[in-house]
Amino acid sequence: MPELGKYAVEVLSAYAASLALLAVLILLTLRRGRAARADLRRAEAEGNSDA
Amino acid sequence: MELHVENLSLARGGVPVLTDVSFVLRSGQALILRGPNGSGKTTLLRTIAGLQPALRGQIIGAEDQIGYAGHADGLKAMLTVAENLTFWAEVFGQTDITAALDAYALHPLADRLAGTLSAGQKRRLGLARLLVTGRPLWVLDEPTVSLDTDAVGLFAAAVERHMAEGGAALMATHIDLGLTAADVLDITPFRAVSGTRAGASDEAFL
Amino acid sequence: MELHVENLSLARGGVPVLTDVSFVLRSGQALILRGPNGSGKTTLLRTIAGLQPALRGQIIGAEDQIGYAGHADGLKAMLTVAENLTFWAEVFGQTDITAALDAYALHPLADRLAGTLSAGQKRRLGLARLLVTGRPLWVLDEPTVSLDTDAVGLFAAAVERHMAEGGAALMATHIDLGLTAADVLDITPFRAVSGTRAGASDEAFL
Amino acid sequence: MTALLIRDLRLAMRAGGGFGLALAFFLIVVVLIPFSVGPEASLLSVIAPGVLWLGALLSCLLSLDRLLAIDFEDGTLDVLATAPLPLEAALSIKALAHWLTTGLPLVLAAPVLGVLLNLPGQGYLWLVASLALGTPALSVIGTFGAALTVGIKRGGLLLSLLVLPLYIPTLIFGAEVARRGAQGTDATTPLLMLAGITLATIALLPFASASVLRRGLR
Amino acid sequence: MTALLIRDLRLAMRAGGGFGLALAFFLIVVVLIPFSVGPEASLLSVIAPGVLWLGALLSCLLSLDRLLAIDFEDGTLDVLATAPLPLEAALSIKALAHWLTTGLPLVLAAPVLGVLLNLPGQGYLWLVASLALGTPALSVIGTFGAALTVGIKRGGLLLSLLVLPLYIPTLIFGAEVARRGAQGTDATTPLLMLAGITLATIALLPFASASVLRRGLR
Amino acid sequence: MSIWTYANPVKFLALSTRVQPWLWAAASIAIGVGLVWGFFGTPDDFRQGSTVKIIYLHVPSALMAINAWFMMLVTSLIWLIRRHHVSALAAKAAAPVGVVMTLIALVTGAIWGQPMWGTWWAWDPRLTSFLILFLFYLGYIALWEAIEDPDTAADLTSILCLVGSVFAVLSRYAVQFWNQGLHQGTSVPVATGGRTVADVFWYPLLLSMIGFALLFVALVFYRTGTEIRIRRAAALRARAGRGL
């Protein structure tokens, strides 16, 4: 851990906030993507069973 | 005046509704569209009126010919009957509204605010609007909803006069319009069959 | 369940519309109001539903008995068909909506947003709402507007089932509802004659 | 009861993200302030508490517009008026739903926007407290205004006109709390007044709203 | 063309006094300012030009809501779209009608309200000039926003969200003119910028609005 | 083979599944190395102390926030002119990424501002422009959400993006006119070279910027794929059960 001096709080919170925002974005993206894939698979299955 | 509709395919909300509708409508002719609820009559009429795009196919001769009356009437509750008509007359470059008032027996109501009319009176006003457009081709979506028998008679008379003057009318309805000479087009056979790739607007994704 | 309407006089926008309407409606009975446009059917139905006050006269037995369906359907475009029905069912203390979906063949549409329905499909949903109110007395203003023949049949069947179960229905309409056993009340004789002091709401100023 | 609440919340979420929009408007009003009065930090920090309250009030106001209007237009109110649920309860629920979708997000967002206007550090707590106490009154009073103007086409602006004078006491005490808090002086008296207004309106105003609405439906 | 203008003006007059209402809202926002930021005359006179501009902008904004929405709901727009009048012209006329019923009254009322906020004497002329030049842009931009949100239920707040960022340049230059005028410094540069924005939006934006509306009607 | 081949959703999906693993890997490596190097491996600035370390987040995110909007502008134009669905969906997919980048730039900037300028926020032109950009993003996303018909939504949001871009540029000038600021000028050498950051800070910064750009591209690819799948599922259902 580098010596951050009197600005430790600022620097760390900046990193924490940014990484958290990125993590949320990526998680939401992946979740929506998974849901879409699953739904598409379902839709394709329905189509095949009909036809 | 001739309207040619050729191989028209339509979608609503990304769902294919009708495929390959074709017909011709000539001066002096009235064509009644029939079909069960949800079969696509409104969609077809709006497309012909140019309010929404077709998936495929052609509409020839509709440009600037159409007087459209949909489910909503385009009336302002806070204007009187006469003011409403005058406004539409001016927008369509006409001046005289007495013929329209006469045709639907609206004279006694001429100075009433449109908002205080009953459902049927409103509808009569909405139909009178067509007479001030001066347009030869009427496109009507369930025109006689809420009308009583007398008013249906007025409507039939107005349509017949319009046809005699060389106009034409295209109407969707579920009930009898009282027109003596009108052709009927049942749109059920044109319904987009599920399972065909008939033409979703999202075809690119299939 | 009995609805007694006695010597009812009504005004709309300060103008007297109907005078001295009286009738009785009993369980198992259907009464159809007829009258030309603007004769006051909507006004009468709204008054009986308690939505506006009468000038004079009495309505007995209506309190908390009425399921009302007016010109507008009370549907939310952004809720699905099932959500709309469930909402109204809960408001009226009911739980089950399958009977209502069955009665109007709405199952295939259950997950569609109400805003994407066609005019007739919307109307079917509006009528289905009555079945989840659990109310014995239906008050309906032009219920079959926009419905196709099949749907009118569904409606007639629903009304007849309702009557068989001890309900009653009061309807205004201009067209044939397909009901086999219904009484008709023509309200034309009750129209307020202009020039009588029949009952303006501003009587105090006369 | 809960059916109505859930439906209103669901509609707020679906209809173009109703949840976020009052918030967005609040944000925008606050952002526009410096553009109009100029960017000086000292000036901004003086007017910050007042402007934040005013912004919250205006965003509340804007969203009132359709609190009842849509239900009126599509006939829902007619049916609700004939339903077993008393209209007073229905209107209280609608006010609650309105607060949950507009007032509450505003309360939560206010501190963040305080930063933009250089609100002094000690003011944050008081600002949040005053908004949390005051915004419910805004929703209830707004419901009354919406009931008054139901059925009037283009009622939006008329509604604002009717409601704004009714908002004045809430605004005065609310902004006073926030201002005193920011200056570090004692703010308990106005805070108590604010709480009193909120409780009284919640208890009494729904009756007025319901009786007004019954007449408006005619 | 004139038929549409006359009808819109007539409707504005009849529909619950549309003419006066934007004005009334403006009045009320200005009146609420002292309640929220406190009554000190010196503070008020500093923020006066900005607040007057912001108030004018918000009243414009509030009245946009129904600029096209009512015409959409009752089917008027469908018929207009099939009428011989090009949609661009129709929308320009509607923007003009909006300006005549809201912008113009605001311009005329602003000096009176300036008195309430202790606007310095030399600022009146500049305030009026900047509002007269800037409010037409607000109406035109607002028409674009209204066309974007036509057909969206509860579009009111979304409309505000979309339009407000577009209002920022106009607000900045307009308020800058008024502020510099009040301080007695030279305000010609921002005035020219303001005029430029107004002319450009009037000339170009109706095309965007019409193309957006055509798609929205589908 | 022209680039328009990839306007076909199937082709696009094929391409994006092929390149995505590489993109994600490269993005993680670049960001990881850049940030670790920056955080652990660079000295403190003599004036700003350890707060310089914020630069490795702040500048890349600010850069991507602007570029995301630019990309949306281009794809919107492509949609309006050539009507390739993938293009419209890519714009839709990019917007939330752009907001988050904008938010990161704003948050890190605010945190940085406290020690440097003694305030979280100042109405400096650069910061203000960013706030306005944030508002444009919000409006754009809200409009997408509010319109049901996907093609109409694509049309309207595209036009909003065009008009919004013009107004965003206009705002930038207006804001500069309104207030001259505190914020430092740009240090990213675009065409001419000349930079204001010392080499010790520059290389990790460069790496981090590349990383953010790669991450952006990866996210947009992934999200566009998601949107395509949603549309495809809807189209399949529409074709099968029309539910009448």
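Read from first to last, the chains carry the letters A, B, C, D, E and F; within each, the first residue is number 1.
As a working rule, contacts are C-beta pairs under 8 Å (C-beta built on N, C-alpha and C of every residue); 3 or more make two chains touch, one makes a residue touch a chain.
Going by UniProt, the chains are A = Heme exporter protein D; B, C = Heme ABC exporter ATP-binding protein CcmA; D, E = Heme exporter protein B; F = Heme exporter protein C.
This structure is a prediction, so every number in the text was calculated from the model and none was measured.
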Which chains touch each other through the most C-beta pairs? D-E
Among the chains, which has its CA centre at the largest distance from subunit E (Heme exporter protein B)'s? C
Can we say the copies subunit D (Heme exporter protein B) and subunit E (Heme exporter protein B) touch using the same residue numbers, with more than half in common, or are the two sides different? same
Distance from the mean Cα position of subunit F (Heme exporter protein C) to that of subunit A (Heme exporter protein D), given in whole angstrom: 16
Mind checking the centre-to-centre distance between subunit A (Heme exporter protein D) and subunit E (Heme exporter protein B)? Centres are C-alpha means, answer in whole Å. 41
How many Å are there between the centre of subunit D (Heme exporter protein B) and the centre of subunit F (Heme exporter protein C), using C-alpha atoms for each centre? 34
Return the distance between the CA-based centres of subunit B and subunit D (Heme exporter protein B), expressed in whole Å. 44
Multi-chain contact sites of subunit B, meaning residues that touch two or more partners: 13, 38, 71, 78, 195
Subunit F (Heme exporter protein C): which residues touch two or more other chains? 132, 135, 138-139, 142, 146, 148-149, 178, 232, 236, 239-241, 244
Touching two or more other chains in subunit A (Heme exporter protein D) are residues 50
Under the touch definition given earlier, write down the residues of subunit B that touch subunit C in their complex. 12-13, 35-38, 42, 71, 116-121, 124, 142, 145-151, 174-175
Which part of subunit B faces subunit E (Heme exporter protein B) closely enough to touch in the complex? 46, 49-53, 64, 66-68, 70-76, 78-79, 83, 86-88, 90-93, 129, 133
For the subunit D (Heme exporter protein B) and subunit F (Heme exporter protein C) complex, residues of the former touching the latter: 15-17, 20-21, 24, 27-28, 31, 34-35, 38-39, 41, 44, 115-116, 118
Interface residues, subunit D (Heme exporter protein B) side, partner subunit E (Heme exporter protein B) - complex: 15-18, 21-22, 24-25, 28-29, 32-33, 35-38, 43, 46-47, 49-51, 53-54, 57-58, 62-63, 65-66, 70, 73, 152-158, 160-161, 164-165, 167-168, 171-172, 175, 179
Can you list the subunit E (Heme exporter protein B) residues touching subunit F (Heme exporter protein C) in their complex? 144, 148-149, 152, 155, 158, 161-162, 164-166, 168-169, 172-173, 176, 189-190, 193, 197, 205, 208, 211-212, 215-216, 218
